[in-house]
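Read through the structures below before going on.
What follows is chain A paired twice: with chain B in the first complex and chain C in the second.
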Partner chain A sequence: MRTAMANRLTPYMFMAPAVVIMAIALLYPLGYMVWGSFRDWNPSQSIGEAEFVGLKNYITLWGDPNFHESLGVTLRFAFFVVSIEMVLGVGLALLLDRDIRGMSVLRTMFILPMMIAPVVVGLMWRYMYHPTIGTFNRFLESIGLPKVDWLGDHALTSIIIADIWQWTPFIFILSLAALQSLPRSALEAARIDGATGWQQIIHIKLPLMMPVLIVTGLLRLIDAFKVLEVILVMTNGGPGLSTEILALRISRTATEFRELGVAAAMSNYLLILLLLLTVAMFAFTRIQEARAARLRMAAEDD
Partner chain B sequence: MSQNTRSNPAFFAVIALLVFMSVGPVILMLANSFKLDVDIISGTGGLLFLPTIQNYETALCDVLWYEPDHLDFCALKFGGAFVNSLIIALISTVLTLVIGCMAAYALVRFRFMGRDTVSLSTLMVRMVPPAVLLVPVFGLWNNEFCLDKDGLIGGAIRDMVGGRGDVCLAGTHSGIILIYVAMNLPFVIWILQSFIVQVPRSLEEAARVDGAGPFQVFFKVVLPLIKPGLAAAAIFTFRIAWNEYLLASALSDRNTKTVPILIVNNMSEFNVEWGVIMATGMLLAIPPIIFTLMASRQIITGMTAGAVKG
Partner chain C sequence: MPTIHLDKLIKRYGDVQVLHGIELEMADNEFTVLVGPSGCGKSTTLRMVAGLEDVSEGEIYVDGKPVSHLEPKDRDLAMVFQDYALYPHMNVAQNISFALRLAKRPKPEIDAKVREVADMVGLTEFLHRKPGALSGGQRQRVAMARALAKDSGIFLFDEPLSNLDAKLRGQMRAELAVMSQRVQKNMLYVTHDQIEAMTLADRIVVMHGGYIQQQGTPEELFKRPINKFVAGFLGSPPMNFLNGQIDERSGAIYVVGDGFEVELEGAKADAARQHSSKNIILGVRPSDLRFDADAPANKSLSLNVMVSEYVGAQSVLLCKCGSAEVMVELNSETPVALGQTLTFAVNPNGVHLFDQDNETAL
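== the complex of A and B ==
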């Protein structure tokens, strides 16, 4: 009798620590943030002392040109980073999908950039982009080309390049795994039917990889909104606001301008944006799946 | 067709270029960390230079057993920060793994919640950027998660440590560990689930017939079988806890600073001492690099399990 009781309680006992910790340190803070975003709140006050101002923070932000600029930078950064990385990563996977001796060594080297701390990545690239002592400008100088003001005039491009360096391998490795788990029979059949390499890629490999590619793209997109340390170290959002992505703006609003309420409201905008993107991606996948299923049904009816 | 391309020199050139591009910056940083600032700035030598460990001596001056000649004052407390980073990363990794493992097991085996619900909520939580947590965590850890200084435990701690005010989570190792565990749990649960699903049920039932309780089944049968998954999850958790900057900077005080904070603080000074900074960066990068070289297979398994199977 007692063992039966214990057995019934086991799953809850196994779950309890995780649930408690996530409730205390994730869900409660998120709720706290929503609550705080309606207040005029600075770091020296506790939330109870802060004055309730209703939607004022949200409305101020909605009309704030700096916030618009920052939002634009974030969206541009995320868009370019994800699309370039997807093209490069999937392209490389298609190119390198063959049995090369030492493939595991290659993969080890490719994941190295991802494992290194973002702070260190920012540090390395800030050095390489340095106007006088940096590697790139030295190289340009040595072959007689004019110097480029990497982190000045071209700051956004420069941080996009650094992110591509760090995260293209992620997409490469996931799409390589997807490629290698494709059903051999489909590829075999295509080859026998005389499909060229390109035809195989476009009509067979890419469609079959699509589910994995969508998940990968989504994960990368979510992460692109989280990038902060690399940019913080490289440009600290400058020059002007040209690289100040939302995550960075939130942290500066909270720590430099000491406006926790506004930072909380901004965090909420960012969360809503991410939620919309995720839901849109999911809906898109579902629609695609439904269409594929309909096509299959139609094909079977014939 | 594949025979042709395999022996194609252009193909190998592409691979060589890729390797050069991905490893080059790291090698460059390693080389620069052994150079004096004068050499870095004048740019002489390229890869041919006289290596010096002076930068590392400057960085590690607070834990060295001798006093480096070139230094009259130890400004950079790197050793202390390194120890803090180590404590925080190791403890939070162990906690996340134990808790996450139990939760993943319960979710898979007892199915009182759909797997889809978990995948979806994991994705949702993964969506939350650390920057979004910054404001509430700062507020809560400083103001709400406190023990009253007049209370029994709070009073005892206050007497021990000293200071005024209430005893709060902010500024302690445990405060930073708590948020890291919470941040990493969803991901760990997600990865481990995909491994636990593969453990044959019959094995567990056999153990149960032999009279093992649920905890024994878990620790003696399931855990040994999902070791690769555990390794992958451990590396990812450690990596995040070891590399994280933003939340640590909001929660730590002078004594609980981690290495990333130290590096960022030194980078924002007007005159960047490139050699020393590169040495600290290299020291921070070494543990993840070692993991990568030793366990790249597990890392790749973990990455693909997260996305391909999830």
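== the complex of A and C ==
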């Protein structure tokens, strides 16, 4: 009797340390943040000393035009970045899905930008965008075109370009993997059925890649909402609030404005947004699996 | 319908040559089956005709016109793949009509065609299902229907039945035979299954090691194989081979080997007479060995039973003849004990002789 009990508890005992670490490392900070978001909290105070203000932080943010502006910048940034990266990444994958000599070297080169630390990427692009000594303006000058105020008037476009440079490879790699796992014979059948290269892409390759593309897009979207370092280094949110994405605003609210409670509330808004996206992603996978299972059942009935 | 002519077709992958000058002529409305063990180059040949593999050397002529530089879509052909190669995201009707839609045919014509071929292969009630919701046999039918809908002059089949279970395979084989009678097209069919080859083909082409071994009607190949490979490949259970020597004694010609002496008759004896005391291989199909306890010793084999496989009305016995193994068929009602020695009469017309050095028929 006693041994049976011990046997049943064994797995939980083995898992206990992991659970404890999870609780401390994951749930405690998260709870701390949620708890803090209900307080008027200055970094010089401990959380216990801070005044409890209920939903005040959330309500203030809801009506704060600067927060709206920041959210707008984030949404615009995420939308453009992800859509352009998807088109470029998938396009590149379709182009390079063939046996060329030196293909593996080429592929490794393509993913290099992804491997560089974001701060370095930010610094690199800041120098290239520099109004007088930057690569781009010197080039424009040398061919007789007017200079562009990259990190001024066109700051949002400029950070979008930098992000596209860094993260297109991610989509390229996943799309290439998806392409190479497509059923060869279905593509051969399409060639025999009379499909041109374009028709193969539109009617066969893209529809079959779609599940992978949707998940890839969602992953990129989640990342795009959280991007911080590159923009911090390049523009620090400026000029004005034109590139102040949410993550940056959160960090400034906490450090410059010394309003930890508001920063926590903002983080929670972002968390809810990302949670919705993640749930959408899981829901999509679940629906796919359920559909596949249902079809299999139907096939076995016949 | 077009004729196909393969002219000294050669295929190389890097330094490895896998086809060594395939020379083949296919007439109108002919059902040609390429058959051989895996790696013999039969699928490569088919894929070259389809345009899915490049031609290294030689040329493919369809109706006298060279086509090896053309894309698959410009070759007027339809193909059925081993794994069906259906488009998983399209339903049955869309799969069948894909080629017609790409060709921008008018919608009423497409609908009519889809209904016609779906009816022909018995898929009418599944038109709105996706391939994932179909059984193996149904998928095979969709692949067939898709090929039929194209109305091409040439039909290519790449081992279309080998993914089906044995019972379904037999059924689909029969349907395929009926279909080929109905549509009257030039068909090129690849299989490793000699039964498919024998039952479907107007003409069988046996391939081995990148060479055509022999081509002809199923009967020609079965009755007059030109070498040991063809003889052993066609027929089930396979032909038995016994090493021996031609021996002439007082006017009669014998094949003498370990544990047997068989007298040859008629044309066989005449053919063998020129090869006196030559080392040869004696080939006899199980169907040419008849259980007969009273058969004279010089017209029979004495076989020691090692294994008996019961397969219904007939049993297949694996026996020893000297040091060689011999398979025979026997009515299952005949009582047989393992280790027993039985006498089997050799059908004098069913004897095949092959040269031991180059394995060609004498």
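What we mean here is this: the second predicted complex is superposed on the first by the 261 of 302 C-alpha atoms of A that agree within 3 Å, B and C clash if a C-alpha of one lies under 4 Å from a C-alpha of the other, contacts with A are read in each partner's own complex, and residues count from 1 in each chain.
Note that a contact is a pair of C-beta atoms (placed from the backbone, for glycine too) under 8 Å apart; a residue touches a chain by one contact, two chains touch by 3 or more.
Quick caveat, the model's predicted, so the values are computed rather than measured.
Enquirer: Tell me which partner A:L219 touches in the superposition: chain B (first), chain C (second), both or neither.
Expert: In the superposition, A:L219 touches chain B alone.
Enquirer: Looking at A:I143 after the superposition, I want to know if it touches chain B, chain C, both of them or none. Which is it: first, second, both, neither?
Expert: Touch status of A:I143: no partner.
Enquirer: Should A:N236 be classified as contacting the first partner (chain B), the second (chain C), both, or neither?
Expert: first
Enquirer: Which holds for A:Y28: it touches chain B only (first), chain C only (second), both, or neither?
Expert: The answer is first: A:Y28 touches chain B but not chain C.
Enquirer: Would you check which partner chain A:I204 touches, where first means chain B only, second means chain C only, and both and neither mean what they say?
Expert: In the superposition, A:I204 touches chain C alone.
Enquirer: Tell me which partner A:G36 touches in the superposition: chain B (first), chain C (second), both or neither.
Expert: First partner only, chain B.
Enquirer: Touching chain B and also chain C: which chain A residues?
Expert: None.
Enquirer: Could you list, by residue number, the parts of chain B that touch chain A in their complex?
Expert: Residues 1-2, 5-6, 14-15, 18-19, 21-23, 25-26, 28-29, 32, 40-41, 43, 99-100, 102-103, 105-107, 109-110, 112, 123-140, 142-144, 178-179, 181-183, 185-186, 189, 213-214, 218, 239, 242-243, 245-246, 250, 260, 263-264, 267-268, 274, 277-278, 281-282, 284-285, 288-289, 291-293, 296-297, 299-300, 303-304, 306-308, 310.
Enquirer: What part of chain A is in contact with chain C in the complex they form?
Expert: 183, 185-186, 188-196, 199, 203-204, 207-208, 210, 292, 295-296, 298-300, 302
Enquirer: Touching residues of chain A toward chain B in the complex: what are they?
Expert: 3, 6-7, 10-12, 14-15, 17-19, 21-22, 24-26, 28-30, 32-33, 36, 41, 43, 46-47, 92, 95-96, 98, 100, 104, 106-113, 115-120, 122-128, 133, 135, 138, 165, 169-170, 173-174, 177-178, 181, 197, 212, 215-216, 219, 222, 225-226, 228-229, 232-233, 236, 246-248, 250-251, 254-255, 260, 263-264, 267, 270-271, 274-275, 278
Enquirer: List the residues on chain C that touch chain A in their complex, please.
Expert: Interface residues on the chain C side: 50-52, 71-73, 77-79, 81-89, 98-99, 102-103, 129-130, 132-135, 138, 146, 150.
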